[in-house]
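There are structures below to look over.
Heads up, the next two complexes both have subunit A, just with different partners, subunit B and then subunit C.
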Partner chain A sequence: MKAIKENKYSIFLIIGVLLLVSILPLLVNLPFVLHVLISTLMYIGFALSYDIVTGQIGAVSLAHASFFGLGAYVTALIGKAIGAPFWLNIIIATILSIGLAIVMSLPAFRLSDLSFSFATLGLALTVQLVVKNWVKITRGPMCIHNVSNSSLWFNGILEISRTNLIAYFYLFLMVDIVIIILYRLISTGRLGRTLTAVRNDEVLASSVGINIQRYKRLTFFISAGIAGAIGSLWAPYISVVCPDYLSMDYTLNLLAIVFIGGSGSLLGVVGGSILLTVWPELLRVTPAFRLIIYGLFLLIFVTSIPNGVKGIISNVNKRLKIN
Partner chain B sequence: MEIFLQYLIAGITNGATYALVALGLTLLVGVARLVNFAHGDFFMLGGYLLVFLFVDKEIPYLLSIVITLIVMLILGLLFERIVVHPTINKTWREQLVATLATSIILSNVAILFWGTTPRLAPTKLSLTILRLGPITISSHRFVVFFVAVISFIALSFFTKNTKIGKAMRAASQNRDACLIYGINVNFVSLVTVTISTMMSGLAGVIITPLYNVSPTVGSVMTLKALTSVVMGGLGNTTGAIISAFILGIVEALFSGYVSSQYQDVASFVIMILILVFRPHGMFGKKVGI
Partner chain C sequence: MPLLKVCGLTKKFYGITAVNNVSFAVNTGEIVGLIGPNGSGKTTLFNCITRMLIADQGRVLFNGEDISNFKPAQIAQKGLARSFHFIRVFIDLTVRENILVAAQHHQQDNDLEQIFRTKNSRLLDQEILIKADKIINFIGLQGLTNEKAGNLSYGQRKLLSFSMAIIFHPKLVLLDEPAAAVNPTMIKRIGEYIRTLNQQGITFIIVEHNMEFIMGLADRIIALDQGSIIADGLPRDVQHDYRVQEAYFGV
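After this line comes the complex of A and B, so read on.
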């Protein structure tokens, strides 16, 4: 996984495109189109948070869905208990996700490379098993239905109804812009260069005085926090929270997005999210079929197309420049 | 005491299944230096093929096993050509993603074909209960144990006495030296992968008369096999077999005395503890197959 040189202006390009997209709901006010847009925005944020740990520092975590699911469950449970405003939910979900990440990191970050991936897989399955079996609180496989709507203040004051898709669209758009800026801050400058060094050669990086463990933990906690926040936003929108949210399927979706789009690259990940979210929603394929296609794509990209879509684009660019 | 023996017997037969799966995985790790995350999915496919042939199509049990093994052989060859061969010289990240992708494809193909409801393939033998004093055992458990033991002996004979088996051992010790000596490493890897998937499928076939098979059982099985492989030391076949039996017994006792819902957690915890405290396995340093 070679580092892909990021275009300096890609962040402006993406934010510009997002701003253009933000006019869309005013033009086409169809619920289905809005739903596709919202899902895409959700996956952009979710995949970027995953790429912070997998693409930037190169530790392939298989536990990312756990944080998303935790955020969703926490929000659903808070909604049932006190009906807190959405920003408070996000804060609580983020803190708890980081807490779970800290617990997971205790054994997981004593390991490196492949062992780290095994360990996170084991931890993710454990967390899912706990959620499935702790019926008293999570209702287990029966799922939590009718999650309370997001609201701007306590007790449902200034509620955002589930049918108000435009509001949810702008909510996700704003969150995405925050995540993109955060991602940009992490992946560039001194911090970004340090992470690249750790990803490319841990031994060499530590020999120049980089505390590898510190940076690995830092990225893992940040990405877990963001995933929890996204889960917290997603639960009221989709209104049902199931143990499936913590399943490997979600992590595999992200893996497909990140590796097909091009890991470690803002444009690649955003492009991958759009590419892999829009058409399954439009064609309304079943999740099983969708995952089969993702798997096939992943296989083709990993075995024969290094650096993903981003790599293809930069290769084409290079050839154009040479000629 | 009776109840303890009962759990112990269940643990030994589960251990025998884990050992078959883990043995295939450890061969692959030893010879091809590849950790296959789709390994448990071949176990799942073996189970489903048995359910399909034996229960749905009513083909006799032994013939179903033979057909399943032939299908596993073909799948193994395809898996080697499509997934293992192109990634064998790439980094662990590419190998991880490629085998995970295979796992996604296989488990979702199973969902498309057979749905998500767990299936069972009860045979005459698995429904015959033997009584040894206070202990009751399904007689199929003996079948599981004997098939496993015979497979271990056959594999050991194969790796020690045949030319290709010796080449496998050589490749597990030093792949580059094999290339220098003119051993066809590609062919060795093809044979290893095929044997490995067939063993995983065989495990699925022999355990499905006793336990349900479902599309998600694959990743759990992969983790259990990985746990045994890591416990035994990567690439160490004897270590993997012993560890698989230990794992099976610990799990059975845990589910009997502590909680059956959290049975899988026991093995994940064991895996993480071993990875953290004994990364070279319980039996000391890394050895070849």
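After this line comes the complex of A and C, so read on.
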């Protein structure tokens, strides 16, 4: 996996672009446009959390949807039981997702590379099966409908109705900015160097005293926690939570985003999220051709631009002689 | 008490006994040369000492402590460093970052401090940065400080991997063929470097085929053949030992 040098200032670039995007809802107040924007913001945070483990340290986990789904279910269930404010839901979802990640890591981290990926796949399918069949709690394939709206305080005080798309847009935007800063703090500096070292060469890394297992676990737990938080935010917005949320479809979307955008790169992952969320949503206008066009697009993109969005950016950088 | 004590180390691959009941001790301050024809088990011996491979039998004591059941990372943290026969560097990190990452796991601050860049953590950053730049100057790679290690030439990688092995002030360094496929000027530089570090108290065990280089550098030579020690003594004596001559030249 080849990482391309990233501009030091990419974080400012991205946050600047996000701030620019933040005035968009004030200009185009169309529900469809806002939904596409919110989906994109959701995927940016979700994909960045995935990249912490898959792109930074290079352990390709196939269980990432489990944490997203867990966060969504936990929030839906809390909403039915007591009306908790959104930030408390996020905290609970994050803690439980990290808990699930710890349980999964017990068997999975004894293995490396491909066997690790397969182990996480098996665990993810198991978790989804449990959710599908634990009908008493999760209602199984019937899904949980009418998830309570997000609110700023208990008992639905200061509720954000899901028809208030602008509010959800800003909520996701804020969360994304926090995730971007966290991603940056983790992927640079001493910790970032350690993660790259493990990704490049585990044998050499251990010979200089890096406890590989420890860092793999650390990134796995952090990324799981963030995914749980995203799931917790998504459930009230989309209002229905189904076992599909824990399915491989989500994880495969993330894999596509991360590898088409450019793994291990902030700009790449954000670019990939935009590319792979906006396109399919726009194609909904022509449902009959949607999957065909999307498939063709992926094929052309992967074959003609091997280094992904990250590659395009670094080429532009080279031409402009910044870097 | 010797710094390193190897007792009856044995490693078999299928039918082949790569390391056969090897025992020796190395004292602090020594430079020991480890020689032997290709396939005599030198690299395997290094791998077993650092637990990159798990020996079938035998024990390794480092600084009086039994490290036979330690993990490679723990052994490194105890102060036992190594370089590799097939040179390894972190290709996505720059020259400076390679050296920093090799040094930083000997520092005492936790991950949270690192993530949130606490004052203590930033001070430690500063500390290793100065150390790293010093070593980069010393090995003459200052023009390439911010170059990705993946873009370096073989000789430059060799110097880099050598710096990575010694940056964290290890007590003992195992070097696997540091002079192989390196040009004569570079060889001379590596030799001088090893001597300087040795005077600062670092102990070395060096595998090397370049006889001129190793005989001039080592205080003592251990010769291996087919996994067993066949000679252990002063360079001059070992070089003229008939078993060594036989192993190398078949005379």
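Note that the second predicted complex is superposed on the first by the 289 of 323 C-alpha atoms of A that agree within 3 Å, B and C clash if a C-alpha of one lies under 4 Å from a C-alpha of the other, contacts with A are read in each partner's own complex, and residues count from 1 in each chain.
Here, a residue touches a chain if its C-beta (ideal position, glycine included) is under 8 Å from a C-beta of that chain, and two chains touch if they have at least 3 such contacts.
In this text, all values refer to a predicted model and were calculated from it rather than measured experimentally.
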{"item": "Which superposed partner A:V60 touches (first subunit B, second subunit C, both, neither)", "value": "first"}
{"item": "Subunit B versus subunit C, judged by how many residues of subunit A each one touches", "value": "B"}
{"item": "Partner chain in contact with A:I212 - subunit B first, subunit C second, else both or neither", "value": "second"}
{"item": "First (subunit B), second (subunit C), both or neither touched by A:I186", "value": "second"}
{"item": "Which superposed partner A:L204 touches (first subunit B, second subunit C, both, neither)", "value": "second"}
{"item": "Which of subunit B and subunit C A:T126 touches, first, second, both or neither", "value": "first"}
{"item": "Touching residues on subunit A, where the partner in the complex is subunit B", "value": "1, 58, 60, 107-108, 110-111, 113-115, 117-119, 121-123, 125-126, 129-130, 133, 248, 252, 255-256, 259, 286, 288-289, 291-292, 294-296, 298-299, 302-304"}
{"item": "List of subunit A residues in touch with subunit C within their complex", "value": "2-3, 5, 182, 185-186, 189-191, 193-194, 196-197, 199-201, 203-212, 218"}
{"item": "Residue ranges of subunit B in contact with subunit A within the complex", "value": "35, 82-83, 86-87, 90-94, 96-98, 100-105, 108-109, 111-112, 219-220, 223, 226, 230, 261-262, 264-265, 268-269, 271-273, 275-276, 279"}
{"item": "Subunit A-facing residues of subunit C, complex", "value": "50, 52, 71-73, 76-77, 81-82, 84, 88-93, 97, 100-102, 104-106, 111, 114-117, 121, 125, 148, 164, 168"}
